[in-house]
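Have a look at the structure below, then the notes.
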Amino acid sequence: MNNARNNLTTVKRTELTFLEKLYVPTLWSGLKVTFRHFWNTLFRGKVVTMEYPEQKWTVPEGYRGAPYLVKDTEDRTKCVSCQLCEFVCPPKAIRITPPGPAVDPTTGNVEKRPKEFEINMLRCIFCGFCQEVCPEEAIFLQKDYSLTGVSRSEMIYDKEKLLALGGVHRGPIMKWKQKADEARKQDAFKPE
Amino acid sequence: MAFIVPAELEAELNELVTHYPQKRSASLMFLHAIQEHFGFISKEAAEWIASKLDLQPIHVWELVTFYPMFRQHPPGRHQLKICRTLSCALGGAYALHEHFCRKFGLDPKAHGIQTTKDGSFSVEFVECLAGCGTAPVMMCNDEFHENVSLSKADELISKCQ
Amino acid sequence: MDSIMDFIYLHRELVMGLVKICAVLAVLLPMVAYSVLAERKISAFIQDRVGPNRVALPLLGSVPVLGPFLTRLGIWQPLADGLKSFLKEDFTPNYVRKAYFWLAPAIALIPAFMTMAVIPFGSYIGTEKMVIADLNVGILYTFGIVSLGVYGLVLAGYAANSKYPFLGGIRSSAQMISYEIAMGMSVIPVFMLVGDLNLGKVIQHQSGGLFSWIIFQQPVAFFIFMVAAFAETNRLPFDLPESETELVGGYHTEYSSMKFALFFMGEYSNMIASSAMMVTLFLGGWTLPWFGLNANAPAEGGLWIGIAHIGIFLAKVLVLMSIFIWVRWMLPRFRYDQLMDLGWRRFIPIALANIVITAVILYLKHAP
Amino acid sequence: MSTPTTAELKPAPPPVETIRIKVDGRELDVPKTMPDWQGKPQPTTMLQACAMAGLEVPHYCYHPKLPIAGNCRMCLIEFGTPMMGPDRKPVLNEDGSPKIARSVLPYEPDAARGAIACATPISPGMELYPSSAATKQMREAVLESLLINHPLDCPICDQAGECKLQEYSVEHGQATSRFVETKVHKPKQVDLGPRIMLDDERCVLCTRCIRFTRDVAGDDALGIVNRGSYNSIAAYPGRQFDNNYSLNTVDLCPVGALTSKDFRFQMRVWFLKETKSLCATCGTGCNITAGAREEKLLRFEPRQNDAVNGPWMCDHGRLNYKWVQREDRLSTVISTRTGSGTWTGVLAEVAEVLRNAPKGSVAMVLSARQTNEELYLLNKLAVLCGAITDSIAREGQGDALLVSPDKNPNSNGVRLTGVAYTEMGIQIPKIAAGIRNGQIKTLVVFGEDVTRHGLEGDVLSRLDHLIVSDVLPNETTQRAHFLLPGCAHIEKRGTFVNVKGRLQKFMKAVEPKGDARPEWEFLGELLQLLGRPENFKSLEGLFNQMAKDTPAFAGLEWSRIGDLGVNVKL
C-alpha cells in the first residue's frame, strides 16, 4: 500500500494568477474564437453543413445501411430461407415464412426459397449480423441510410421490395450452379 | 405385359432352391437363370423371384443393382463385350470399342452398355476376361475372341449379321 | 367627428399612452420573433452552419434575386415558427395543476412587457415624450416588475407536477432572487451619480458626450449588471432552470404549442427589456455624442431627430442582443454551486464595495 | 433412457453378475448382460459400458431400440485387454497388476486398432479408452469419410439443428476437409412415400430406417440399391413406403436424408417451443413432444416412454394436429337466449338454468376426450343437478404395435371418474326417450356431436336448454342455446388414463383461440356460481382434490406423477 503510494506522482495544480482568476482575458479569447467562426462562415463561406436533399453524402465503402435481398446474375433469389438471419437478428426485425413442402422444379438444386421475407426497417439496427451469418450471400447491407415512410406498416419491407432494392449481386460464388453442373456431369457416369 | 416363366425353367428353379439351407440363398442363382433365359431382369422378374423366395422385391432389387452384369434393360441380340483392363487397354481396347461404336452409330464416349436402335448389337466394356497375353480380347455373346484387330472385328460383325 | 377630437383633446394623455403602447408592442413583438431568428442564424454561423434557409413565401419567393436571397436569410422562418406554434397540438398532461399550468406562461410574459413602460426609447416627437410612463421612480418600478417574472417560471415548474419542471422551478427561484440582489445593488451607484430615479433623468445625465456615459464612470457596475441580466434572463451560461441536457427543458418541459411559445417569447422579451435597461442606464439611452443628437429633439421641426433617437436606441439594444447570443456559444453552463458562489460571494460584495467607493468619491468631490 | 418415476410393485430383481472393467482409467463394475432392443439379455457392449461411466460414445447406426448393425464406424474406440502369457496366464506388471495389451493393428504395432463400441462385448479386465488421442483420431477419420460426399446443404436441410452429423462434426470432427475432388451426386427429393421425402446425398447409410421398418414396423420396404459411392436407400421402384409408422424413420435418421413431407421446410427446429404432451388420437396415449412457434403447432414427435410407446408413434397420430388450429374453430362464447357474448354473462345464465332445473330433468353427454379433471368436475355438476350422465364409445381399427382400437384417449378416465360405467353409451337411448317424453328438459353436451350418436336434431329441438362445449363446430354446436368454446388437449393441461390404465399428464403447448378456455376453468366457476365451495384456481389443486375424492387415483399428487405417468388400478 505504502509502496504503491510512494510510486505515485503528484501533479501540482498551478496556481492561477490574478488576471487568470478574473477570467476576463480568457473570456476575451473565447469571444475572439467564436467571432472568428462567425466571420468566416458569414463572409468567407466556410460552411460545414451539407444541405441534404440537394447535396448528398458520398457513402464510404463498407457502410452499413439497410439490409436488402439480392438476386444472382441469373435472376434467382439467392435466399434459401434458412432463417439464420431471423435467428441471429438482435432486434428481431426479420420475419421469414418458409416455403412449405411444395418444391419449385425450376430451382434445380436449390430446393428452398422464402415464401415471404419481411424486414421491419423500424426495428432494424443495421448491425450487419444478417449479412455476416448468411450462408448463401443473399442479404447485404447496402448504402441506403435514408428510409422514410408515412406509416409503420409501410416500413415493413416485403420480399418483392427487398429484392427490387437489393438488385443483382455479382459474386463469383454460385453454389447451386456448381452443384447442378456437377450433378449433370455425373449423370453420365451413373451406373445403370 | 405379364411375366410368364416357362414350366421347365420354373421346375429347374424349384429344384435349385433345394440346394440351399435357406430359400433366400438361391436369389443369385435365380437371377442368373432368369437373365440367361430372358436376357435381362425386368421389374416383373424381380417381383416374381421375390414371391418365389418369400422375399420382398426390394431384396432382389438390391442384388440386381449391386451387380453390374445383371441387366435391367434388354440388351442387343449380339452382345459385344470388350475387355478394358490394363493389358487390353494398352493393347488397343479403346480403339476397338470406338471402332464398334462408329460402325453402329453409337457414342464412343458414352458410359455403360449401348444398344443399336434396331436392337441387333450391344457394345460395352467389361473388366478382365483373363486373356492378357493375347490382348485385346473381347467376347461376342459367349464366344471368346483374342487378338482382335479392327479387321477381325469387322469380320465378327459380318459373321453375326 | 368633433366629439372624437374633443375626447382626444380632453384625454390626451390616455390616448397618447394607448398609441405609444401599441407602437411599442408593434415593434417589440416582431423584435422578439426576429431575435429568435437572429439567435438561430448567429448560432449557426458561429458553429460553421447555415441556419434556417428554407421557408419561402409563395409570391415573394419567386421574385428573381430578392426572393431566394430572403429565403436564404431565413426571413420568413419566424412566420412559419409562429404559425407552427398555433397549429401544434396544445397538449395538457392530465396530472398537471391546470389553473396554474395555464396561468404560468402569461405570468412569465407579462412582466417582460411591463418593464418596457418606463423605458425612454426616444426623446420627443413633437411635444410628446417618448416613454410610456415617465415615472419618477422608474427603476424601482422596473425592479418591482422584474421580480414578478420569476413567479411565471416557479409556477410553471410547480404546476407541471413532474420532476424536471419542479427542479427547474426551484433552480429558477433561487437563481433569480440571488442575482436580483446583485443587480439591484449594482445600479445604486448609477443613481447616486444621477441623483434621481427617473430614467429620463439618467439619460439627461449621459448626454454630455461619450464619456459621460455611465459605463465609463461605473464599469464595474455595468459588468455586474450585465452578468446579472444574463442570469435573470436564463441565458447561457446561467440557463440552469431550463438546462436541456440535464432537466430536459426545466420548467417548460411539459408545455407545448402556443403555451411553450409564450415562455419563449417571455425569455426573448426579457432579453430585450434587459438590453433596453442597460442601454438606458449605462450606454447613454437614445443619445449619440455626435451630430448634435445628444439633446432632446425640439418640438418644432425636430421630427427627424426624434425618429433618429428612437433608431439609435433600437440599434444599441440590437448590439446588446447580439452580445447575448454571442456569449451563449462561448461559455459552458455553470454548476449550481458555482452560480451561487458567483452571485453571493463575488458580485454582492463587489457591488457593495462599489457603492461605498462611489459614495466616498462623491463625498470627496462635493465636499466643501 | 429414463424409467418411470413411480415405484411399481415388482419382485426384487435377482442380483446381477458384474464385470470389472476400466473406462478412461476409472474402475467400474458393469452388469455382464444388458437387455437388447427387444429386451432379451445380451452381453453388455462397450458403448453401454461407456454410457454407464457417463461418457457418450458418438454413433449413427446404433439405436437402443433397433438391432445392431455396426456399419457407421462412428463408435470406434481404442481398447485394451489383459495380456496373456504363453501359459494362458495373465502377465503381471511389477506391482502385481495385470498388464494390459492395447489393441493394435497386426503389422503396425504403433497404430491403435479400434473396435466398434456398439457391437463389441466387454470382457473382464478390459480397458476402454473412449477419450484417448487414438479414439479421437479414429472419430475424425470416420467423420471425414462420411462427409466426403455429403452435400453440406445445412441451410436448406430440415435436420439442421438436430443433426448428428452437425453435432459430431463440431464435437469430434475437423474444421476442414482435405478432399478437393468433386462430390458424388445422388438423387435428391426422392419421393419415398406419401409422408416421406428422401435426399440420398445426405444419407450416411446407417440403415436405421431399414432396420426399423423391417424389425419394428414389420413392413420390409426399404433397402440399399446400387454400389459403392452410389449406394442409396430406396424402396422397390414403383412401391411406396407408406406404412403407418414410416415417419418414425424421420426421427431415427441421424442426418437429414429422410424428412417429413408435412414438416419439410415449415420451420427451422431451433425456433420450436417444445412441450411435453400426449397423443389423443387413440387410447394408447403415446407420449409426444409438441413443437410450436408463436402459437402455431408445427409438429408432433414421439417422446420416449417405455411403459407406453417406447420411442415410436404412429403416423396418423403424429399428423393429427391440424384440426386444432382450423379456421372454423369455435372461438366465441355465446348465449343465443340473450345474445350475451361474455363468459361471466353466459356462465351466469347457465348457472341460472341449472339451478332452476327440477331433479331428473337434466342429462349430460360427456366425451371421453375430456380430461380426468374435467370429467370429475362435470360429475360433480351432474350430482348437483341430479343428472344422468353418459359418454360415447369410439371404436376403430387397431394394430399390434401401438394403435389401439379404442379411439378415445380417456375411456378409462370416464369410467374411473364415474361418468359412465363399464359400457359407454348405454344410457343414450334412455336420454333420447327422456327428451322425447318431455321428462328431460336440459341437456349438457361436452365434446361430442350427439346428433351422430342417437340424439338427432329433432330430438334436440325438443329441449328447453342445450348447453354445449366443444372445439370444432358441428350440428350439435349449431343447435346449442349456450355455446362454451373449449380447448383441444394440446391447449390445456390435464391428465388422461390410457387403455392400459396409465395415468399421464400433459402440458399446454399453444394458446387457445379467441374466447376458448380450458373446460376445467369455467366448470370450476360454474360450480361456484351454483353454490359449491370449491374454487379451483390451479389445475394442480384440482387434480389433488380429484385424487382424494376418486378411489382409483388415491394417493396421487400432480407434482409426483412425473413426465411418464403412473399406473392406476382399473
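So that you can tell them apart, the chains are marked A, B, C and D in the order they are listed, and the count of residues begins at 1 in each.
Definition applied: a contact is a pair of C-beta atoms (placed from the backbone, for glycine too) under 8 Å apart; a residue touches a chain by one contact, two chains touch by 3 or more.
The shown structure was predicted, so the numbers you read here are calculated from the model rather than taken from an experiment.
Chemist: With centres defined from CA atoms, tell me which chain sits nearest the overall protein centre.
Modeler: Of all chains shown, the one whose C-alpha centre lies nearest the global C-alpha mean is A.
Chemist: If you tally C-beta pairs in contact for every chain pair, which pair wins? Let me know.
Modeler: Top-ranked chain pair by contacting C-beta pairs: A-D.
Chemist: Where the centres are mean C-alpha positions, what is the separation of chain B from chain D, in Å?
Modeler: Going by mean C-alpha positions, chain B sits 51 Å from chain D.
Chemist: Just give me the whole-number Å value for how far the CA centre of chain A lies from that of chain D.
Modeler: 45
Chemist: Please compute the C-alpha centroid of chain A, do the same for chain C, then give the distance between them in whole Å.
Modeler: Here chain A and chain C have centroids separated by 50 Å.
Chemist: Roughly how far is chain B from chain C, going centre to centre by Cα mean, in whole Å?
Modeler: Measuring from centre to centre gives 113 Å for this pair.
Chemist: Going through chain A residue by residue, note those that touch at least 2 other chains and give them in order.
Modeler: As it turns out, chain A has residues touching two or more other chains at 191.
Chemist: Which residues belonging to chain B are in contact with no fewer than two other chains?
Modeler: If we look for residues of chain B contacting two or more partner chains, we find 65, 68.
Chemist: Could you check chain C for residues that touch two or more other chains and list them?
Modeler: Chain C, residues with two or more chain partners: not present.
Chemist: Considering only the defined contacts, which chain D positions touch chain B in the complex?
Modeler: 220-227, 234-239
Chemist: List the residues on chain D that touch chain A in their complex, please.
Modeler: 151, 154-156, 160, 182-185, 188-189, 197, 226-227, 230, 261-262, 264-268, 270-271
Chemist: Please give the residue numbers of chain B that touch chain D in the complex, ascending.
Modeler: 43, 46-47, 56-59, 61-62, 65-66, 68
Chemist: In the complex of these two chains, what residues of chain A are touching chain D?
Modeler: Against chain D, chain A makes touches at 80-84, 86-87, 98-101, 103, 109-112, 135-136, 179, 182-183, 185-186, 190-191.
Chemist: In the complex, go through chain A and note every residue touching chain C.
Modeler: Within the complex, chain A touches chain C at residues 27, 30-31, 33-35, 37-38, 40-42, 46-49, 51.
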